[in-house]
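Next come two complexes, and both contain subunit A; in the first it sits with subunit B, in the second with subunit C.
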Partner chain A sequence: MALPKAKEDALAARLAALPAVEGKGWLAAARSEALARLSAMGLPGRRDEYWRYTDPASLNAPEAPVARRFDASDEAAPFDGIDRVRLVFVDGVFDAAASDDPALAGVTIERLAEAGRRDIHWAQGLYGVLEARGQTPVARPFAALNTGFASDGVLIHVTGRAAKPVSLVYVHEAETSDAILHHCVKLDPGAELTLLENGPAAARFSKVLEVEVAEGARFHHIRLQGRDHERRAVTHIFARLGAGAEFRSFTLTANGRLTRNEAVVELAGAEARAHVAGAAVGDGDFHHDDTVFITHAAEACESRQVFKKVLMNGAVGVFQGKILVKPGAQKTDGYQISQSLLLDEDSQFLAKPELEIYADDVKCSHGSTSGAIDETALFYLQSRGVPRRTAQALLVLAFLAEAIDEVADETIAEDIRARLERWLARHGSRG
Partner chain B sequence: MLEIKNLHVKLEEEDKVILRGVDLKIGPGEVHAIMGPNGSGKSTLSYVLSGRDGYEVTEGSATLDGQELLEMEPEERAAAGLFLAFQYPVEIPGVGNMTFLRTAVNAQRKARGEEELSAGDFLKIVREKAKTLKIDAEMLKRPVNVGFSGGEKKRNEILQMAMLEPRMCILDETDSGLDVDAMKLVSDGVNALRDGKRSFLVITHYQRLLDHIKPDVVHIMAGGRIVRTGGPDLALEVEQNGYADILNEVG
Partner chain C sequence: MPMTAALDTSEAVEIREGVDRETIETVQAMAGKYKYGWETEIETEYAPKGLNEDIVRLISEKNGEPDWLLDWRLAAYRRWVRMEEPRWAMLNYPEIDYQDQYYYAKPKSMAQKPKSLDEVDPKLLATYAKLGIPLKEQMLLAGVEGEAEPRKVAVDAVFDSVSVGTTFKAELAKAGVIFCSISEAVREHPELVKQYLGSVVPPTDNFFATLNSAVFSDGSFVYIPKGVRCPMELSTYFRINAENTGQFERTLIVADEGSYVSYLEGCTAPKRDTNQLHAAVVEIVILKDAEVKYSTVQNWYPGDENGVGGIYNFVTKRADCRGDRAKVMWTQVETGSAITWKYPSCILRGDDSQGEFYSIAIANNAQQADTGTKMVHLGKRTKSRIVSKGISAGRAQNTYRGLVSMHPKARDSRNYTQCDSLLIGDKCGAHTVPYIEVRNNSSRVEHEATTSKVDDDQLFYCRSRGMDEEEAVALVVNGFCKEVLQALPMEFAMEAQSLVAISLEGSVG
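Up next, the complex of A and B:
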């Protein structure tokens, strides 16, 4: 089906501004297929069902809007004390000198830019494959664009239990940097890996992460999106889980003019578990969108979506979350909660929680709320001598607790709480 | 200690007057009781003294050791030594009772320019005080008042009071919803804090609490005023005859 003229022009302009990507063999094939997908769907517009709450204009624009980098050196870099394999990208360009030697027992790590030059590679079975599967029933044009034009990324094959996490560090330098990274992680049966990501990455950042978690394998993902106020990001996680596999992903977002984080998870083997969680705090010019789609395609799987947002001074939060239970996916246990704490009347939360169930023996619950801080609790704390600001921070952290509890590593969870406390102290709302 | 003069209070959002000229003076070490029918303004008085939003003071003053309370933030009043045991203690999901207590104790110490308690010292003191109030370790770990029974909530209020060591304690119907044993525990907890300097304002419906916590002075409040003041016998009189006689007498 042909695209409307306006959509066609917008896509042509966007594509014309993209730098040419090199690559032959398998990667070139995957890219051209992605381009075909993108050409068929076009770039998103406000009238598309999953873009009603978030304006894609700045992501559609041929040039990345200017975003100054933010100096976050007043606090230690995330994951500082953790023994990990660090791989650094500056404005989307791999920085070998700043990175660790990617040697890790049970894990092979390669750069997409290098692996893509080969004729055949294991990543052929993953790169763009989960992304393509994730295009139905909901189109995700920016993911296809990413597959077609990613300049680099990492390909991680995990055959055993990784002794330490792999840590991707994204540095934002240039005011108009426009980074496109695409990572693939393949975990063999029983393998385990923790992937850490942090940093604002670029003025505009597009990232796709495809993860294949085989039977009994475990993948933990913790992401801190940096403190830049002006950056924009559109990210996708596509995951597919085998029997008994575990997938856990947590994202902390503080600041950022625009963030669209999509997670598309398919529970394909029995008794697989997927937890996707996020805590977002925004003050002022902040728009944060979590769009999640979880498919239960096998029996006795568990999924949890826990998303909490704290919004002030006109910040906007969006949650679009769906649980699809396919025929035959009996004994599904699905849970979804999305809540916002609005610290003033200027901020808003838009939520679209959805359940679609085609099996009868299923336990699914979902809830979405937005509300102000509990003034009675605030007064109770103050009456015990706790200053209003401290009391407010305590209540805000209590509100976020359920999301942060999804971080399995207690040291990291504690660090995240401390970061949020400092953020709240800096942004402490009026009153 | 506490001196309330001609206090007039209305609701901020409505033209509803609740307190119509309350006068009350409590000296150091004294225990005063306020009794009175439902809706007479007792809780409102306690909230206005501790600084809750929603009320407007149209006239009068309230001072603690000469300091005007009504101009302070609630936390400043607490740091100055005022404590209110709530009629309806508030549940705070997600905030552990222990964290709550430690945050409160240390915030007050900080406000007074004292050093914060170390985690170890704090734990020792809490455990000791909790034990006398029969508050177990589990209750200390749970979120503040969440899932507590009525009696547990009231004991938790007294634990906070014991930890914060205020100079002026207001107890708003701390006896309501308590059985005989719990009443004894709570009263013992209060009496243990009587040291000849600390003052108490005990708001209650019933004489029975005053059998345990012996007041020096008893006030009867009605229609937003203190309509009678007397000795402990006044409580007995109310117990026997109800408020009707007194109210008729006042008109």
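Up next, the complex of A and C:
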């Protein structure tokens, strides 16, 4: 079906402003297929069901809106004390000089641009493939746009147990940078990798991460989306899990003008496990949207979604989560919780926690709550001599705990708690 | 241990641990044994097939309506022609040909409006007698013999496009209560109808409500004056009889300040191989300190086990709590219809107003239900509660779709939602699509789908008496169900009470 004229024009304007990307052979083919998908869908609008709570205008605009740099040097950079392979992107461009040597036993790391020059590459079975699968039943136009126009990214093939994490660091320099990164991670049977990501990346950031987790492989993902900056981001994770595979992803977001994080996870093999979690704290001009779609396509899989948001001064939190249990996916265990703590009258929480179930022997539950901080608990702490601000911070941290508990690495979890505590001390002065 | 039980469709279904046999048998018993599938042979007068402005004029003329109402209908019709049928619900049905049906059908014997029930065609009276609906005032409801003070229920009986008669009108009039068909209300109480019609569900509301606004033929009108507690329960019974005919009834209930009324609605239709359209609108206006209870047992013909025939039920129901401390309670037992598209809603405008929604939706064979509620909190300290239980069997699809919206000014408001679904068999589906929009922080919204969130105090009480947790939950939930079902009229009691046996164990939601 042809797009309406207005949508066609908006898409044409968006595409015309994008820089040309190189790539031939398999990469060029993947890109042109993605462009065809995008042309059929058009860019999203407020009337689209999955954009009713988030305005895509600033993501649709041909030019990236201005976002000033934020100097976060008053605290140590995330993951600083951790032995890792550090790969740095400045405004979406790989910075070899600032990065570590990507040599790691059991892991091969390549740049997308280089691999794209080759005639055949393992990534052709993954790049844009999971993204395309993830386009039904819900269209994700920004992911297709990303596949078509990503200018950089890494391709990681894990054949064994990685001795240390791979860490992607996204530095924001220019006030109007418009970065599009696309990464692929392929884990062979039994392989293990922890992927760390941090930094605001650019004024406007589009990122797709496609992850194939084979039988018995484990993939851990921890992401800190920078802090207190003004960037807009739309990110997608597409993951497909084989039998007995494990996928864990945790995201911390502390401010940022607009963040839309989508996770599309398919549990394709029996007894696979997927945990997707997020903690977001927002003060003021902050719009944070978690959109998660988990498909149980095999028996006895487990999925967990834990999303917590703390909102103040007009911040807006959105959660759209879905568990789809396909026919035959018996013994499914699906859990979903989305909660928001609204610290003042101006903040909003908009949620759509969905279940779609076609199998009878399943255990699926979801819960969603929203409300103010518990005054009784606050009073109790104050009556024990804890100052109100500290008491509030304690209760907020307790509220976020269930999401942070999804971070398996205790050192990192502790660091995240400390960062949140400092952030709350800086922002949570009201009340 | 898994056991097997025979389904009506001769398919075997595995009984899973945690679902008791009684639940499965109850649901199965409801399949393929539609009790109200017979037809009344009666001469019927039809308007020409199809829909156009002339049909709208004809309906208006048949009802002897004033010009303002005809204009209202025509404006709705002209708008409807430009509207698109909504397709967002999780419902699959073939394109409806709106020109291939009749929009007006009435028994020929109703050509002269009977002056009293004694003059009504005996065939019509027999129809309602067979359905268990008493149209004679001296008759008591089945099953209430022996009660010291027999419960009276006033009935408005709607047959295809016309109201056959309304009982207890005189007695209700003594209390100042107006209870009549809406066509009569247009003639007798035009000022009330003009003031409130379309004020809750405007003619522009949605595709089906707009269609209804253009072609509604009859329905009930209720007005409860200030401070009056309606002396008896009011009830409307809708019967579709004519073939290829849609039913478009419109109900308007106005509860003036400090009044109270309990209103019951039932509906059935004959078994037919073709689908029939039903698009109703119910509007309820509740002023300061008034309370309305609205109960429905929807038992339209659901189609056969292969999904042939059945009613397409597209209904817009909305209550507007306009005054402070106004209260509305929707209770629905949805067992019929091939397609159900229905979201009884509460606009909580007055401060401290309250809305409640209790629903049991059962979909079996090829039935599809997409139903739920909307709670729109506008006033301060408004409260709402949603309890929805969906049961799917056979190849049915059952969706709960709901909205809870807390506006910025609805300070200190409260919502509690619980949705539970039960699947029986591995070919059906159960879905939950809640929308939760919270725009202030002093309100609390909770959406739960697990059985562990039954009232903790009650649970604790049961457990302290030695029950295990499952027993305690079952007791608390069944106790709650019973309370809801007992609010239903006696004529529905038999059917509804068997649902009490349905346990919550093994629920998903």
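Annotations for the structure displayed:
The criterion applied here is as follows: the second predicted complex is superposed on the first by the 429 of 431 C-alpha atoms of A that agree within 3 Å, B and C clash if a C-alpha of one lies under 4 Å from a C-alpha of the other, contacts with A are read in each partner's own complex, and residues count from 1 in each chain.
Simple rule for what comes next: contacts are C-beta pairs under 8 Å (C-beta built on N, C-alpha and C of every residue); 3 or more make two chains touch, one makes a residue touch a chain.
Every value quoted in this text rests on a predicted model; they were computed, and no experiment measured them.
Shared-chain residue A:Thr136: touches no atom of subunit B or subunit C. By the touch criterion defined above, A:Leu355 reaches subunit C but does not reach subunit B.
Once the two complexes are laid over each other on the shared chain, residue contacts for A:Ser383 go to subunit B alone; subunit C is not touched. Shared-chain residue A:Ser370: touches subunit C; no touch with subunit B. Of the two partner chains placed around the shared chain by superposition, neither subunit B nor subunit C is touched by A:Ser73. When the two structures are aligned on the shared chain, A:Ala398 is found in touch with subunit B, with no touch to subunit C. The contact surfaces that subunit B and subunit C form on subunit A in the two complexes do not overlap at any residue.
For subunit C in complex with subunit A, the residues that touch the partner chain are 16, 88, 90, 408, 411, 421, 423-450, 453, 508-509. Every residue of subunit A that touches subunit B in the complex is listed here, in rising order: 374-377, 379-388, 390-391, 394-395, 397-399, 401-402. On the side of subunit A, the complex with subunit C involves touching residues 49, 327-328, 330, 340, 342-372. Against subunit A, in their complex, subunit B makes its touches with residues 50-53, 73-75, 77-79, 83-84, 86, 89-95, 99-100, 103-104, 107-108, 111, 143, 160, 164.
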